[in-house]
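There are structures below to look over.
After this come two complexes, each holding chain A, first together with chain B and then together with chain C.
After this line comes the complex of A and B, so read on.
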């Protein structure tokens, strides 16, 4: 879902660019708390991985396709602020090198795929992770649901922008139905890829997964009583 | 940098390069969700060409050539570009040395 130039008027594009700039400025501060010498390289790789997977459009129904957005996957792996930065870099490289997503629409795309998708998806993830069992399955279920929800919500956020600043004079209900409908289906793909990739990293290196910190704390607490007699022997 | 970390990073990079360089050839070429919806609702024709639509890597092809090699090279260049920019940025923002240790000890406690 890369918005091209021309769909939204100049004022709306400028407004979303300002929102995007503000969001990225906050993310630059927030990401400092998420990144250290182990996780910073993982964050760079996460961005590169999201870029790669975004190239692989999967078919959804007849004559339509979708691809991973990746914001929730990145947030679960490296943290939500860092995820916003990852998405911003991916969208910038796509717009500047590959003409994918308009240049005047870059702020719109960062707002939708970076800020909205990550914020909403991460909120859903946190909410579910708090109530689901503190297990690998619980984390993955929360990640999948967050990823699923993030796609139609970002699509409807576009419809909101289109209502304010869409250049074409078309019935808004039709836009909302088409955008919402197809992006619910794409969201299923988003959830499947997010669960598969996060599950693979969790299986080999759970210690590096930002969204699984609660699991590590639970494991540390559980280990402590057993480790005392072992150390005393 | 521990060997375990290095192994994970190399594997992740190789997988990303493979997806962008090889698997992307098999991607669906149908319009994506937004294009499809724009066509349904009748505003697809308001899309304008990007100012960089004539760039050598536009549309993930090398000089507009529709071949396996052209798309693969574009994908690999993209992965390296994103890794370079995002990796430099996150590395520059990281907590260093003592800070990181203190922070980890604090987060492990709560």
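After this line comes the complex of A and C, so read on.
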């Protein structure tokens, strides 16, 4: 769900655009640390992946289906800075090529779905990953919880923006309850999909899961052979 | 990426040779953004607001007519709005303030005004964005963003995403055909045990493709920047033509503010 033009007034849109620009500038620096000079192709392909997976409708039961937002999944897979860039790029393509999400609201959408969702989700993931046992299950539980929390928090951040720069005089408590309630359910779906996808990648290519680097290091020390036999390459 | 082989991202593009098609992409971006800003800045509760919306609508429909974007395309573009129509329809019922009777139901007056404003503004902006997408190829949009000084790394990421979205989407489609030809039907949550690994392997394939593309680029001399030709200067005349849309809208808004 992307904010269209006209939901928030010009001042709020401009302020969130400034926040988004600052956040994306930081992410551009941070992503170089995560992926060095491979940033452009790898972040671009990950964005294409997020875009494609958003088109898959996952059944959530009772005949309804939902699709992934993907911010926390991308953060767990490729790192939070790259994830912010991926979400930004996906939102730009949706706004510019599909008119999905307003142009003046692009800053708002990047702030909510890129910065807030990824930052909150990643913070929850790191906290839980530090507390939970260092295992596949621990990483997946932390990823699921991060994905779950990111959705209602982004929705409540939108309610906060609506309180500041909304164009309608609605009782905020009611809106917050309704948005929060609906998005807790959406968050459950997000968590289920994130765990399923991250678990699948962890099973086949654990080295590609940025959020599971702790696991990888331990495994490499134990498993790497002393020397590569001649002709094995 | 033309109409024939544009894939999913080029689907919005309508091949053509209208003045709007030929316009420099960064001018079109500035024009549409300026138009959307003026539309958003219009106060919803002014008495003349609907007259202003009418003026904006005339401007954007005029641009669509010059660009040769038909009503069918514009209508299909509006379908994206549907969730917000639902949200806007709820507003009169949940908003506070004095009540008015509409068809025998008491609804909030301010909610009604806000809902009308929201729908009008979202519709106008979507129409302008549809004209932009229908007359500008994804590749040209990238050039436009680059000329508007978007950071080069971000432009490159966008470029890779746009170039490979169809490749990744194609893999996804082949996976779906394979699944369904083996009798898979996603009905409930247990389908995640199939769809999760499918999406997971899609990620692995995308990431590995990214690594291969990077190596191929390195072997062709990539140093972290994309070579670009010198940008041609844009004559004042072209700027003026492009700015007819936002300046016209600004004139409508200004006359509303002054005489309304």
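In this section, the second predicted complex is superposed on the first by the 200 of 233 C-alpha atoms of A that agree within 3 Å, B and C clash if a C-alpha of one lies under 4 Å from a C-alpha of the other, contacts with A are read in each partner's own complex, and residues count from 1 in each chain.
Note that in this section a contact is a pair of C-beta atoms (placed from the backbone, for glycine too) under 8 Å apart; a residue touches a chain by one contact, two chains touch by 3 or more.
The structure displayed is predicted, hence computed values, not measured ones.
Shared-chain residue A:182: touches chain B; no touch with chain C.
In the superposed model, A:10 lies in contact with chain C only, and not with chain B. Contacts of A:174 after superposition: both chain B and chain C are touched.
When the two complexes are overlaid on their common chain A, residue A:127 makes contact with neither chain B nor chain C.
By the touch criterion defined above, A:158 reaches chain B but does not reach chain C. Look at A:67: by the touch rule set out above, it reaches chain B but stays clear of chain C. In the superposed model, A:43 lies in contact with both chain B and chain C. By the document's definition of touching, both partners, chain B and chain C, reach A:56.
With both structures placed on the common chain, the touch criterion links A:192 to chain C but leaves chain B unconnected.
Judged by the document's definition of touching, chain A residues 1, 4-7, 28, 31-32, 37-49, 51-53, 55-56, 58-60, 78, 85-86, 89-90, 92-93, 95-100, 102-103, 167-168, 170-171, 174-175, 201, 204-205, 208 lie at the interface with chain B and also at the interface with chain C. Taken in their complex, chain C has these residues touching chain A: 9, 12, 29, 32-33, 36-37, 39-41, 44, 77, 80-81, 83-84, 91, 94-97, 108, 110-111, 114-115, 117-118, 120-122, 124-126, 129-130, 132-133, 138, 141, 151, 153-154, 156-165, 167-169, 171-172, 186-189, 191-193, 195-204, 206-207, 209-211, 213-214, 217, 224. Looking at the complex, you find that chain B touches chain A at residues 1, 4-5, 8-9, 12-13, 15-17, 19-20, 23-24, 26-34, 36-38, 40-43, 46-53, 55, 57-60, 74-75, 77-83, 85-91, 93-96, 100, 103-104, 107-108, 110.
Chain A meets chain C in the complex at residues 1, 4-7, 9-10, 13, 24-25, 28, 31-32, 37-49, 51-53, 55-56, 58-61, 77-78, 85-86, 88-90, 92-93, 95-100, 102-104, 167-171, 174-175, 192-193, 195-201, 203-205, 208.
Chain contact summary for the complex, chain A toward chain B: residues 1-7, 28, 31-33, 35-53, 55-60, 63-67, 78, 82, 85-86, 89-90, 92-103, 155, 158, 166-168, 170-171, 174-175, 178-179, 182-183, 185-186, 201, 204-205, 208, 213, 216-217, 220.
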